[in-house]
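Below you will find the structure I want to go over with you.
Chain lettering (A, B, C and D) follows the sequence in which the chains are written, and residue indices restart at 1 in each chain.
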Amino acid sequence: MSSNSFGKLFAVTTFGESHGPAIGCVIDGCPPGLPLAEHEFAHDLERRATGRTRHTSQRHEEDRVEILSGVHEGLTTGTPIALLVRNTDARSKDYAEILDRFRPGHADYTYLRKYGHRDPRGGGRSSARETTMRVAAAVVAKKWLAERHGIVVRGYLANLGPLAPRSFDWAAVEENPFFWPDAAMVPELETFMDALRKSGDSVGARVNVEATNAPPGLGEPIYGKLDAELASALMGINAVKGVEIGDGFAAVAQKGTEHRDEMSPEGFLSNHAGGILGGISTGQAIRCSIALKPTSSIRLPGRSVNLAGEAVEVVTKGRHDPCVGIRATPIAEAMVALVLIDHVLRHRAQCGDVAASGPLIPGSVPE
Amino acid sequence: MSSNSFGKLFAVTTFGESHGPAIGCVIDGCPPGLPLAEHEFAHDLERRATGRTRHTSQRHEEDRVEILSGVHEGLTTGTPIALLVRNTDARSKDYAEILDRFRPGHADYTYLRKYGHRDPRGGGRSSARETTMRVAAAVVAKKWLAERHGIVVRGYLANLGPLAPRSFDWAAVEENPFFWPDAAMVPELETFMDALRKSGDSVGARVNVEATNAPPGLGEPIYGKLDAELASALMGINAVKGVEIGDGFAAVAQKGTEHRDEMSPEGFLSNHAGGILGGISTGQAIRCSIALKPTSSIRLPGRSVNLAGEAVEVVTKGRHDPCVGIRATPIAEAMVALVLIDHVLRHRAQCGDVAASGPLIPGSVPE
Amino acid sequence: MSSNSFGKLFAVTTFGESHGPAIGCVIDGCPPGLPLAEHEFAHDLERRATGRTRHTSQRHEEDRVEILSGVHEGLTTGTPIALLVRNTDARSKDYAEILDRFRPGHADYTYLRKYGHRDPRGGGRSSARETTMRVAAAVVAKKWLAERHGIVVRGYLANLGPLAPRSFDWAAVEENPFFWPDAAMVPELETFMDALRKSGDSVGARVNVEATNAPPGLGEPIYGKLDAELASALMGINAVKGVEIGDGFAAVAQKGTEHRDEMSPEGFLSNHAGGILGGISTGQAIRCSIALKPTSSIRLPGRSVNLAGEAVEVVTKGRHDPCVGIRATPIAEAMVALVLIDHVLRHRAQCGDVAASGPLIPGSVPE
Amino acid sequence: MSSNSFGKLFAVTTFGESHGPAIGCVIDGCPPGLPLAEHEFAHDLERRATGRTRHTSQRHEEDRVEILSGVHEGLTTGTPIALLVRNTDARSKDYAEILDRFRPGHADYTYLRKYGHRDPRGGGRSSARETTMRVAAAVVAKKWLAERHGIVVRGYLANLGPLAPRSFDWAAVEENPFFWPDAAMVPELETFMDALRKSGDSVGARVNVEATNAPPGLGEPIYGKLDAELASALMGINAVKGVEIGDGFAAVAQKGTEHRDEMSPEGFLSNHAGGILGGISTGQAIRCSIALKPTSSIRLPGRSVNLAGEAVEVVTKGRHDPCVGIRATPIAEAMVALVLIDHVLRHRAQCGDVAASGPLIPGSVPE
């Protein structure tokens, strides 16, 4: 299996190219009895979609999900749930000019070296278009996690290039197209993005994700640690170059007395670990953070090589995001949700008859 | 499978607790015909071992590897290679005092909640002792990668708490107990560690790993990306809280024109990507970096909870590293090597008959 | 993953219910560069389809395959190949009467006990309709095996209830709707089937499959033996109750001198083993045989239980095959082909650089 | 992973060669909290061992199991359980004469072609010696299945070459070295075996296994059907050439009215299906049967080829079983138990929160 499946027990297999007839996925292992309807996918796909504001790619993806199997009379049956989204606004002519040359920072060169043959239209399989199906699959995961365990996964943009929020409010996040937690800064972000788009360049970003109400005990030592699987899930998102759990790289300069999360009968006294110890959830909020590189598809010319091995210049036309990080928030949430549901199922497979022992330390961190 | 196996085709299953009779591993899928002898494990296990200098734990692990299977007349046969290391210096009495309470920053609490029952001696399965077998398995992987493909994996300590190298020389790295690339700073590090040990506290660290000569084409989109699997492999090392590929978190504030690695017929003109594009190796050096948290086992008392749920104080005695990052260099190298050999095999499974197409861009980066 | 995927490296994930909007599959791991077009699926799907003669179910499945991804400019790209077949002749009203009762010999009861909820229309996921996608996926496998290795997989009906062929000719097999190797007996089979259909009852069958030109070396000891994986693949076909490799159950009464296949420089002197020794192919023809039970969906009333737990009578209407074994020939071939391509890829992953040692004994068996 | 692991959630990885220093296994995924001690392995290993009667190989395997990990204070901890058995009576000199030639019916030729290099001592990895660890791992599985679910797995010899039992009594099975259910026939079997041994030849056998008290709902459609996984598990035992579930090949000639198991509120009225419908257990006894070929290691000379490709004669000395089927009974039980525990865990992973719906039909079959 050439790794187009994700998850061990709640397994999602995706398929499709950016400019092919359709993209889709098959969810195998979903617990039966979950109510599920096609309209439930709209909200998260809308959050991820391009073409919603002038700050993201102007490709207008309609993204209507068709449920092909696995649901009967409105309930999941336990059999594979196939989801299909037809590609509706694929303009392959935009890509004609780059067929014979490799775009810097793209997978053009590596796909060709690996496979000897590639679909160049819109990046083919390496396009962020593929992440649509991660978000769709995670709609199912999020719903089950919320209904059965009260687990909530949510994210926000923590850096837009050099900019950082000056205040934090979860309520603000869904009220602006940037998933930005500081409402007062939104005009500043819009000005920044307008200038960036005009310049033809792009910037990187940071996205933070938090999962609350996950019970203690999720995660499998040694090679299926919850943090290791989150790292894989998040690093596998297009353009991600770094992953942190809890304090992440800040831990390098910390002292042990500073980093270790002390406990009291009332709860953990801090959460530097990001809710995971020894690869297993503690019951605290699970916190992770990712770095996204600046979009490689930019209008400014770059040096490259063509199929004949000659030096050429590349200019990427087409419709691209000047900051891919903006739309990455729902994608990062999706990957976290997919890891969590998989581990809930894995945990109950092995430990479903364990009478948990020892006290339950509340996860709440005084803030 | 409760995730004690690592790798899809070159698969390593490890077992053993810190203070049990033995630790070991089974390597399944090793190509046949590789010369292998027990003495070849000594060098890397010595690099990883405790008790070698006053700056790491004083537990003296002898770590003699016995090959139980899979090698006949000095060559691997293609059948499972079982490696066994008996535990020789396990002083479980050191742990008697912490049996009834959870050490902050440790897996004590999470293992108990997950399994309802745990082996507390020396941290049991969650001990860094387990990483011995990762290093042992990687001795086989490194040898095959070097002999068949000329691939070399090596690492160094890039931060020791607040300290950073002021100059860089690969030759220095193996000449000091810190894997530090700046020989002139070694006395400074020794002074720092002596003071730290005296204070009873600990610090974090950063380790960088580089793999050179990996051919282009390694890595599987979408969920088996080379960077995603490196992230999982590295985040799964005890105490790791962050992983970066190439520029990592620095990419957040970069512009597209700055980050994208341009190409010329003579080679890539930079390596911000860390040798991976679209999840597939470019042929450049693969570069990754990890953050390790400060050791949680420290002498300074911390607040915690006991099995009865009461507030208690914890002091960790035993023999511990004041900076676990120091010994993490060979472990991080090991995980990178294990990921690479797995992907070399995976690549030839699917693409073994592909006539690679397009020019081969040299991986060398002018520095 | 709830086991709707088959294969380790050439992995096929299927989805879809008998009377849902569509069935389909995703092939992950297909080598790139294989020419593939939609029309190539027609032949094998036609061989498997119902409604072609009066001797199989009268449901007329159109079975037009749409390639949704993984093929560009007529060549496989190495990315997932998604195949979709819309369900066109699903008459769910036929099943209304059996909604509240369990059909004897069917999965009605077991699905309901397992999942608590099921799609009863046409058997839902447990319908033989699902095997359409096995055949479709195997079209790709068969083509690659033939083009790259000259491997040919073909099967025939070896028993139709009590009937057995009196002569054998491969050329006859594709010339009659029964895949029967004895052309002279076809009228006898037609008479038998007409009487059976009239009686309302059904019969079992035996199908034999042979793969020629498979090289020696395919198969992985200990738990991925070629014969073990063939057994799983074949037993997993609907209605199969027994699997034999080579002489199969006849070996029980054989002597060692009789069963062991002696060798000479000119080749093996017999093939009792069915081309597999120690779980690994010998280079001889691989031979297997399966037993299919009589169709459970019959018009003759049977005793059963309804959802309320009361005794009831069941009569299955709808359109059913009086002998499911007839259409099982292409399905059994498909499963054998899927196992073989998977093992060709697995073999070259581990042993791709082995210089095979020792003499090559021709596989031909003097007959 | 070169398939030396078995099971998806209760996963057993075995290693070791017949004449290497040791054989062993790692059980990953065992539920925590199961009492387990080294002496518990003795009974089943004794049942499987050679050297117990004159009717099996005279190699005297001591087979003392050492638990290396995964058990603390007498209870499984949920971490990997490693079991080690040192090889004590390996006489490799017996094999010197067959180093340069291929024994007919053995894996000598196929291993060499696959790996280019092999361990010929005692058959190396392909020896039935490996099955020791299957039996050991299944001791854990059987205990858990019995304690948590009351599931009992037991087998018997159903044919010894041409001989078949004339009466049936489970109580007789463990009272004779043949696992034969008809006590009165034991002298006849002894006479048969003595004559066979004297002749230098060998015979095949049939073993039947039954699992009772398995709940309905075990097994995963489509490719992880309970019968498909049993088929793989059983066909993967050395020398097995055929597998049947329920009526097996007898179903070929049956009518639908004869085969289908009707139901009443008091229970199923027959068990032709062997306790599995649609790949899922019905709650009835699960019944399977295997054919074992006659031992290939016989004293009577056979034609073969040597490493130089020349025609030679082979005579197998060493200590061998004239009927490998005799000792296969505990091995077949072991494989069935390993499949069942894996499916119990898989079922509760996906369906652990299903409120089973519909009536529970008793599994008892009036006999």
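Simple rule for what comes next: contacts are C-beta pairs under 8 Å (C-beta built on N, C-alpha and C of every residue); 3 or more make two chains touch, one makes a residue touch a chain.
In this text, all values refer to a predicted model and were calculated from it rather than measured experimentally.
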| item | value |
| --- | --- |
| Chain at maximum distance from chain D, centres defined as averaged CA atoms | A |
| More contacts between chains, B-C or B-D | B-D |
| Gap in Å, rounded to a whole number, between the CA centres of chain D and chain C | 26 |
| Length of the line joining the C-alpha centres of chain B and chain C, rounded to whole Å | 45 |
| Centre distance in Å when chain B and chain D are each reduced to the mean of their C-alpha atoms | 39 |
| Multi-chain contact residues (two or more partners), chain B | 2-5, 9, 14, 29-30, 32-33, 78-79, 114-117, 125, 221, 346, 350-351, 354 |
| Chain D residues touching chain C - in the complex, by the definition given at the top | 2-6, 14, 102, 104-107, 109-117, 125-126, 130, 159, 161-162, 201-206, 216-217, 219-225, 227-236, 238, 240-265, 269, 272-274, 276-283, 291-296, 298, 300, 302-305, 307-311, 346-347, 350-351, 354-361 |
| Residues of chain C defined as touching chain A within the complex | 1-5, 7-9, 11, 13-17, 20-24, 26, 28-30, 32-33, 66, 68-70, 72, 75, 77-82, 84, 114-119, 121, 124-125 |
| Footprint of chain A on chain D - complex, ascending | 9, 29-33, 78-79, 148, 221, 345-346, 348-354 |
